[in-house]
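Two complexes come next, and they have one chain in common, subunit A, joined by subunit B in the first and subunit C in the second.
The block that comes next holds the complex of A and B.
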């Protein structure tokens, strides 16, 4: 029997100690990519909470990546400064792009985000400052207060800490008054307006916060793989993140974490299967939507409804927490 | 002095004129009724005053200022709060959360402090919880505070709509059919509550089809028909008006 509140603590301990068990660079890389996927997915879920599904999240990861690379390589700023500025640049551009998008709803919004994503890819390819179609190679390793990143371990811990911070802030944001108002605007715009909520401000700010975290993730990615390439930030990357979220379950932060970690691992494993990989990916999405519309995270609840109870959680804590 | 004064208000949708040169004045501290047959333009008038629709012409003076063209959330900020005809609530949220959103304008919670749980913000939020619970207690919803709004029966949802509006600290409360869907007993309680709200100094303008409700509660009544104001006055005067009887109340009408 495991107390529910202990699960996150155990997970953190496992992740913190995992480098002791990881031997090859391949395995390190795998876990770092999972951490990044969680960062992207948890930040995308902020957008979903405001009632909008974005298929353009990779654009803001890309903006963070390019901003950070240009700030370190062209302006000579230290890594930590350009890392944080990358988040800010991504948030500002995100807010500016998103403001007019408030005019469109539902499927039209999804299509617009998709378009935005491709526009940014086209911009990177067109202008030499972004390295054109070649991208920018030789992005330097991060250096924080004189500590240079050598080998996989510093990257591992930076990605891990970044992931924890993003999850914790998103979780607290969800519980905050700001999160409540955002949830309200997603539920009923007219009622929110009638009690004085400035919907545009809340939705734009919320979107900008999501872009900030995406930008931080992008910055880390660029300095980790030492290159930025326009094509990688195309819509299929966004679609992947959205799938992580939907398969895991957009209703809770756990859903985003579970979806991102399981699917990004699966992606690595069927990478060799090329076209069949896409088939599996699409099949998994459709199966989830048919049989688990609330995502993988709802499996215990679904089993419970069918009379099968999982004995790993102590019932006392579950009763107190309700659906959380 | 009138808290709200609508002068020559007109709204047309293409060729259809929904509201035609209507003049309405709502005195401070009164309960004022707006009646008329379906399609008379009552809800359209509410939508115009609360800024959800832009008038074709005319003036809306609230608290000595013309509010035409202001955004709805800015109008709400001035203390002009409206409810909706259908039970409009934040369905997937709890009753308490609904009311907390209603407290938005007076909330003053710093989001950064909220995320990092600063003690001052934690204290402020528990004050807000207390305020929301007071409002729910006033409307007899406190026992349901952790219930999801979508699980409430219709009458309670309407009541919750009122709770959300009250939380927004109105000076002028505009209620769109507050008694619809309530049984006789609930109706009686709603009347008492609206009187209690007025006694707190909140001016009330309401739309309602239940004549017992309107006649028993309102100190001044406006009658709309086909977008035009056909009568106004105390309930005695309005209920004896030939035109009102013909358009709305019907021959042989009497207050039960």
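The block that comes next holds the complex of A and C.
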């Protein structure tokens, strides 16, 4: 029997040692893209926890990317400063967009965020400072305290550490007083107001935190692929992140991680065989939603309901559930 | 200086086609609160079916049009029966399902129809001229059919038993069921209706625009803005909203470039959702 707490530790050790086993740049790229997808998805789940499904996450990733690129290339700031500032810019703009939209919810929020996404893409394409439709090429490699990023390994560890930090902060946030209040505003807004919670403050801050992480991810992406292109931050990107989250299962942070890693891996693999690959991808989304509407993360629960139990998950927790 | 009448006529014609799209979108949203991200792909499939029937099977366009609509209605009904019905209460799952469905439809079209990007050609060759504006007979025909379909839908929703059932289920499914309305059938038929409208828009676009797997995205994006403009779930609102969008697109594209038109229309949608989420015309029409 394996204790549940061991799984994350094992995963971290495997990921930390993985570069020893990876040989080609293609495989490094694959894993880095998975890490980035996990960052985006886990931060998007913060928004979901306040009861809203956002289809505009890519807009804030894009803001982070453009902010970081402009700060390093136009203002000559060092990478680490513009990296953090990119997150801040993204968070501030996120808060400014979200604050007037506090009353928008449900499917209307889905549509509004979709619109926000398209508006930002149109702005990038329209104004020359953002490189217009061409985008900005030749984004310099990051340099932290004189250490220049050469090859894939520094990028790998930076993405890995960023992912760990984002996951840990989101996990702590979920268990904290702040996270519980945010959850409360989603479950019953009236009740939260009646016990004196300032809903606007909590919701906007929560959204801004999600945008902050998205901005950091975007900044890393821009400096990793060395270019920013308006078209990539369009609605398709948001849609992908949202489906990662919901296919994995929005109910827990594990769902976001599982969804992002499996689907983004498949996505990267299917890049070559576009039509059949995307056909399978769409089919996978349909089948998951039909048979596991709570996401891939609910597989053990579904199996258990059917009377099949998995050895690794039959720890104390399951026994406790049985007794209650 | 562009001919202003020409710009307005183009806007009117696009607006009427967007209205067909938006009506289907708003029916599904009003009934099930599901943002159907596959709606644009239903239009594309409609156009591809019309293309296949006319060009590949050599059918007359006026036979192909009703046949396309019928096929699309059956597809819509089957989609609801096999998929959406199973997860009716889970709106987020339905959204993801519709995204998956959109992916499947686009890629099926790419596999079976290919990368072709051609229109089915003129049904009526020739152009009508008046006051210096030109309008091909095909566009006039598309406008005529669109008006007929919109009026037929309005009659269906206001006057028939099915329309009453749809409105009842939209207001309160449990109460409707207690009054003897079959909720499952009503949902299924609404899906059939929505898919048929999207298919009709696709078949009407086929003689005018190139038919290709990517043709659905722009009309769907505009359908979604239209529906926000007109108020979600409102039939007259969708028609007026579509006309506004059609004119706005035509005017802004002509005088300031199509890129700006795209961004401006979305900005309008975001502002309306924030300021007036019930739609611009609620209470007026």
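To be clear about the criterion, the second predicted complex is superposed on the first by the 310 of 324 C-alpha atoms of A that agree within 3 Å, B and C clash if a C-alpha of one lies under 4 Å from a C-alpha of the other, contacts with A are read in each partner's own complex, and residues count from 1 in each chain.
Here is the rule we use: contacts are C-beta pairs under 8 Å (C-beta built on N, C-alpha and C of every residue); 3 or more make two chains touch, one makes a residue touch a chain.
Because the structure is a prediction, the values reported are computed rather than measured.
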{"item": "Touched partner set for A:276, first subunit B, second subunit C, both or neither", "value": "second"}
{"item": "Which of subunit B and subunit C A:196 touches, first, second, both or neither", "value": "first"}
{"item": "Partner chain in contact with A:110 - subunit B first, subunit C second, else both or neither", "value": "second"}
{"item": "Which of subunit B and subunit C A:293 touches, first, second, both or neither", "value": "second"}
{"item": "Partner with the higher number of touched subunit A residues, subunit C or subunit B", "value": "C"}
{"item": "Contacts of A:159 with subunit B and subunit C, given as first, second, both or neither", "value": "neither"}
{"item": "Overlap of the subunit B and subunit C footprints on subunit A, listed as residue numbers", "value": "none"}
{"item": "Of all residues in subunit A, those that touch subunit C in their complex", "value": "53, 100-101, 103-104, 106-108, 110-112, 114-116, 118-119, 121-123, 125-126, 133, 239, 242-243, 246-247, 250, 274-276, 278-279, 281-286, 288-290, 293"}
{"item": "Residues of subunit A that touch subunit B when the two form their complex", "value": "169, 172-173, 176-178, 180-181, 183-184, 187-188, 190-199"}
{"item": "Touching residues on subunit B, where the partner in the complex is subunit A", "value": "50, 52, 71-73, 76-77, 81-84, 88-93, 97, 100-102, 104-105, 107, 109, 111, 114-117, 125, 128, 161, 164-165, 167-168"}
{"item": "Contacting residues of subunit C [partner subunit A, same complex]", "value": "29, 33-35, 37, 83, 86-87, 90-97, 99-104, 106-108, 110-111, 221, 224-225, 228, 232, 259-260, 262-264, 266-267, 269-270, 273-274, 277"}
